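Both complexes below contain chain A, partnered by chain B and then by chain C.
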Partner chain A sequence: MPTAKKSYSTGAFWFVAPAMIVLLVVGIIPLLFALWTSFQQFILPKVHFKGAFAGIWPIFDAPFVWLSNYRDLLFDESFRDALGRSFLFLIINLPIQVILGLIIALLLHRPGHEWLKNVTRIALVIPMATTFAVVGLIGRLLFNGDFGINNYFWNLFFGHKMEWLADPNLAFVSISIMDCWQWTPFCALVLFSSLTMVPIEIEEAAKLETDRWWHILRKVQLPFLLPGITAILILRTADILKMFDVVFIMTRGGPGAATELISIYIQRIGFRSFEQGMASAQAIVLLIITIILSRLYIRFIYREV
Partner chain B sequence: MKSENSTPKVNNEHLRYRPKPNIGHLLVLLLIIVFCVFPFYWMIATSLKNQQDILSPTPKFLFSPTLENYQRAVSKFDVALSLENSLIVAVTTTLLSLLLGTPAAYAIARFEFKGKKDLWFWFITNRMLSPIVLALPFFILARNLKLLDSQVVLILIYLTFNVPIVIWICADQFRNIPKELDEAATLEGYNSFSIFWRIGLPLVAPGIAVSAIFSFIFSWNELLYALVLTRKYAQTAPVVATSFMSGYELPWGQIMATGTMIALPVIIFSIIVSRQLVGGLTMGAIK
Partner chain C sequence: MIRLIRRLALSATCLALTAGIAGAWTLEEAAKPYKGTQISVIFLDRPGYRAIMKMLPDFEKRTGIKVNYEIVPYESTLEKEVRDFSSNGDLTVALVDLVWIGTFADSDYIVSIDDLKKQFPNIFDPNYELSDFFPLLLNAFGTWNGTVYGPPFDNYSGLLFYNKKMLKDAGFDKPPDTWDDLLKVFAPKLTQNGKFAYALQSRRGETQSCDSFMRFIWPWGGSLLDAKFKSNLLSQQSQEGLNFRQQLIKYMPPGIVDFDHIEAVNALAQGQVAMITEWSAFYSTLADPKSSKIVDDLGVAPEPKGPAGRKPALGGFSLAVAKQANDNQKAASWLFIQWATSKDTAKEYVENGGVSGRQSTYKDPELVKKYPFIEPMVESWQQGVPEFRPRFAEWPQLSEIVAEVGTNMMIGSTSIKQGSEEIGKRVEDVLSKAGYYDGKKKLAQ
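Right, the complex of A and B next:
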């Protein structure tokens, strides 16, 4: 038996090594390079290539400014605004998605109409599986000011049309609506699978005690829902910090900066203003936020290691 | 004896609590279905209309469908090329991820080793990380290696999120294989690689299929990396989708036809793995 054990532990290295090496090369080295760039005044059109260290690590004549990018971004209002906008987006949309998701989950959990409930569960997959870029295209179609169907119904009920994507506030509302369309189903399915974990005997016994569904929700189902809700909170927070595709296609961050969420903002600084050094510093700050979130995620949800 | 049998039976009658199927429940379920499906349906409907029907201020629910938009979209060089690029990149990165990920998943399920915790932390962080963080340095590195606008650079960077998803799904499957099977195989003289190759892999084939579908979906959907790292020849379908939205007279029908061609395969795949979808999107925290 000891021989078997020994072969196990030496074996592990060869099993894991290929994946580890590749992830190191494509994941960690770029991160270190971003950290390195973030200490420089790196403006892409202005720097010159000086040669490469070890063949892959390019060296440029960008002046080292150490922490000054970080100091600048601390006082940079547009960065704070973009981060604030992301959190505003989160605070507005997350409660809507969780509450609507919970209602849908309860309706799916409720007995009766079994066939229709199966159809609903398949229908719920459609928004979350739609390619993000295509969700943006659909948003442009639905919210078009001239022939968009949303404006048609708005006109029918309120007697006038609105410039959904041209008005700063309405553009923010429009991307929020598309986000709710895409991610409420995710909340619904997560919470539905939590509801199915409630032991059937406990739930049926509770139903004999009370007719009120909210009593059952609070006393019986809530403890089982909590891990799902926590997972949604953390994952949606991360997803909104990542959010790029839908907004980029629907509004490009505009009008003005009305819908410029953090990832869109950093993309603009890095690839439309070409201030790679500054953008890298911002990305590193975003990475630190992400690492804190991941720690929370592991502490509260993911205990399996 | 008779009473002993009948008492639990009576209780069971009570326990079989079923509210009557009610009409309100039915209507709300229908409403949910309509809300989920309508925007997608509207895209498909628009893709089948002519420009005049699309631009009509009163939406046309009834129209004579035409496939003209699809023919035009596909005949455009960049749309056809981008779909081909997307397919090549997604398939290659999926295969590579399986090749790299399945042995690592096996090791995580079966062996104890140093750094296992760090590996998991790296996966979870990857799930949370904004692609812009990697896209910035990757752009400069790829530019210097003359890899910009190539399929290779996309395949490489997509490994950063696909290898973790393969490892997570497959590790979960490998854990379910009884350890006795390994021990028996060891007695037969199998080494750990042949146990993995000849016993482990065939038993987790369904898990491999699921992780392949996930990996394909994530790669097919990816936009930010592709937008930053490609210019012309290696553009993927979502990048081409972004390029439509400039200029005045937009070819809406062709745009929606392209959107349909991009989204439909993914939706079909997702419905196939819909049981595992929630688990996949939460990295297994919720199943």
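Right, the complex of A and C next:
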């Protein structure tokens, strides 16, 4: 019956409502509040709490300044530097993680050694499941100049020690290594599960046709990998742009500003200088950038199989 | 006549009664109306707080007041407190670092002691004696614009900790008295075979801005700001101090810009360096065989003198009653603060690892003998600079600037002069925005 009218029973509404309410309270309202604050000169020790509108919307006596926070951040050199640093971090680390992840996934996909592969799969979950703060602390220990294990081996092979966290370039390398350590397994697992989606007959047929693995990868497996890769790109880009905990614990943005990624900078403005209005404006700009990047990934990389 | 006698008798009884009441001020009695009140405070994971936590059950038993505390890392404390106070949260006691007093007082987060006294005259212990605190500490940690908000609670002075054996092996029987000696006489002899003369905690953050940067400004007669709140870093004295720090780096372990307190203390405790200048509170770590290899060789002295005298690092926390607390909580909070910093608890506090800010505590010869850090610390507190770090609300912003450029100076990616110019310019920007230059704000630091 093509003319049947679409109607939603109240039952359906009540099934969806809890999820919507949680999303509203946990996600949307704070986001709208940040947007609202970004138009104000909201300096935390100078504003006063004036009660809550409808019990959910806090009211403060901060002066409304329209777009001046956004104008100021355009001229803020430190903001641009930090953003540039975050992009550099993204451009270096994302390809490494995807490529290493793909190699691990392909190795896991090869037949044989079932028991070993099961152990590997479990081991791959461990870095992802580790709390960020702990990863940061592990990083501080690994890269410690005096008794860190990295320097122990470096000394063994090259006969001298490196100042991992005290040198601007090496500090950047150190936080990159920790990020790759934690998130390459994520890429590996996502790509591995994509590989299992390739129909076995097609793969076997392809193997009879050619013995070059990269042909199979490009012509047979890649189409199945693209949705996974898109997901990885979107998630990892968002994660790296808001990366905070590990870096804060390992280097606190130092030495100098060598590892001051954009989120570290925003935190500094928001919670050290207490310019919440400015920090909110910066966070909103960051959110917009992330959304644009995600749209681009979907547009240019994502293909349905 | 009878009337007169009767009147006399009556007044005598009255007098006796009043005297009786005054003499009998007890914590138990004063706390009676507030039994069952819950108060909240933030503590740090440091010896002074562990000491008071150990003593808390006694207070709770005597008063019936429940003290809820949350242990927070220092670096997140300010953020947490400001968030709580600006949104009518549940903290009833403010833990006030020396550099936050301006923010907290100006933002009306804390109640002055005089106002409390007016509101609750009965909870004040007549023997409390605010004047017993070291004037420098009370002034620096608890007072803003002439108003006293709270007593010093967790008190620090920078001290020179050194390894007696390493100094002796190099031919020195006492620690350097001046920075100049440390650099020219001690450092070259103590830096050899993978060991270093000195370690200066310099990690980006408050460690760089306070412990590392400011430490080499004041003793040379320099300062961050001049009387008009313009940058004073380009003055000859400030430049000398900063250049001195740069010269000293070659006698410090590599990677010094990544050393936080823990790393510096460990470097001394493990025998890697001969001297550090650290907060007095680290004495207990260095004197504990579990965390230190140099327990028997540990020496403590005041920080060396610079050309402008001994101006050691000054730091510490006071406790103040939060304005957002309700009346019962305010009274109960003051009772707690008063108890924690009273003369009666001071000795126990020190023996549990705390550092009292009372002068009378350190007149006890037994205590002075038992804790070798007391003597140099008391000496340091005779002549410190209260504004070692400016205490106005803008300090956290300035601290970030100093920390960023200060580490850059140390690793040589900017010169001392360029760095000083950059800090000066950015600092003046912040202060100008805050309204210090157009007379909107009083020049108080």
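Convention: the second predicted complex is superposed on the first by the 245 of 305 C-alpha atoms of A that agree within 3 Å, B and C clash if a C-alpha of one lies under 4 Å from a C-alpha of the other, contacts with A are read in each partner's own complex, and residues count from 1 in each chain.
Methods note: a contact is a pair of C-beta atoms (placed from the backbone, for glycine too) under 8 Å apart; a residue touches a chain by one contact, two chains touch by 3 or more.
In this text, all values refer to a predicted model and were calculated from it rather than measured experimentally.
> Touch test for A:168: chain B only (first), chain C only (second), both, or neither?
In the superposed model, A:168 contacts chain C only, not chain B.
> On the A-aligned overlay, A:88 touches which partner chain: chain B = first, chain C = second, or both, or neither?
Neither partner.
> Just chain B (first), just chain C (second), both, or neither: which does A:137 touch?
It touches chain B, and chain C stays clear.
> Classify the contacts of A:58 with the two partner chains as first (chain B alone), second (chain C alone), both, or neither.
both
> Once chain A of both complexes is superposed, is A:11 in touch with chain B (first), chain C (second), both, or neither?
After superposing on A, A:11 lies in contact with chain B but is clear of chain C.
> Looking only at contacts as defined up top, I'd like to know whether chain B or chain C touches more of chain A.
Of the two chains, more chain A residues are contacted by B.
> Once the structures are superposed on A, label A:48 by its partner contacts, choosing first (chain B), second (chain C), both or neither.
second
> Taking the superposition as given, does A:271 touch the first partner, chain B, the second, chain C, both, or neither?
both
> Taking the superposition as given, does A:149 touch the first partner, chain B, the second, chain C, both, or neither?
After superposing on A, A:149 lies in contact with chain B but is clear of chain C.
> On chain A, which stretch or stretches are contacted by chain B in one complex as well as by chain C in the other?
44, 49, 58, 146, 271
> Can you check the complex and tell me which residues of chain C touch chain A?
78-79, 82-83, 86-88, 103, 106-107, 109, 203-205, 208, 253-258, 267, 272, 393, 396-397, 399-400, 403-405, 407-408, 410-411, 413-414
> Please give the residue numbers of chain B that touch chain A in the complex, ascending.
It comes out as residues 14-15, 17-22, 25-26, 28-30, 32-33, 35-37, 39-40, 42-43, 46, 54-59, 99-101, 103-104, 106-108, 110-113, 116-117, 119-122, 124-141, 144-145, 156-157, 159-160, 163, 167, 183, 186, 191-193, 196, 217, 220-221, 223-224, 227-228, 237-238, 241-242, 244-245, 252, 255-256, 259, 262-263, 266-267, 269-271, 274, 277-278, 281-287.
> Okay, in this complex, where on chain A does chain B touch?
Within the complex, chain A contacts chain B at residues 4, 7-9, 11-16, 18-20, 22-23, 26-27, 29-31, 33-34, 37, 44, 49, 52, 56, 58, 104, 107, 110-113, 116-117, 119-134, 136-138, 140-142, 146-147, 149, 152, 181, 185-186, 189-190, 193-194, 201, 204-205, 207-208, 227-228, 231, 235, 238, 241-242, 244-245, 248-249, 262-263, 266-267, 270-271, 276, 279-280, 283-284, 286-287, 290-291, 293-294, 297-298, 301-302, 304-305.
> What part of chain A is in contact with chain C in the complex they form?
Counting only chain A, the residues touching chain C are 44-49, 58, 60, 145-146, 161, 163-168, 171, 251-257, 260, 268, 271-274.
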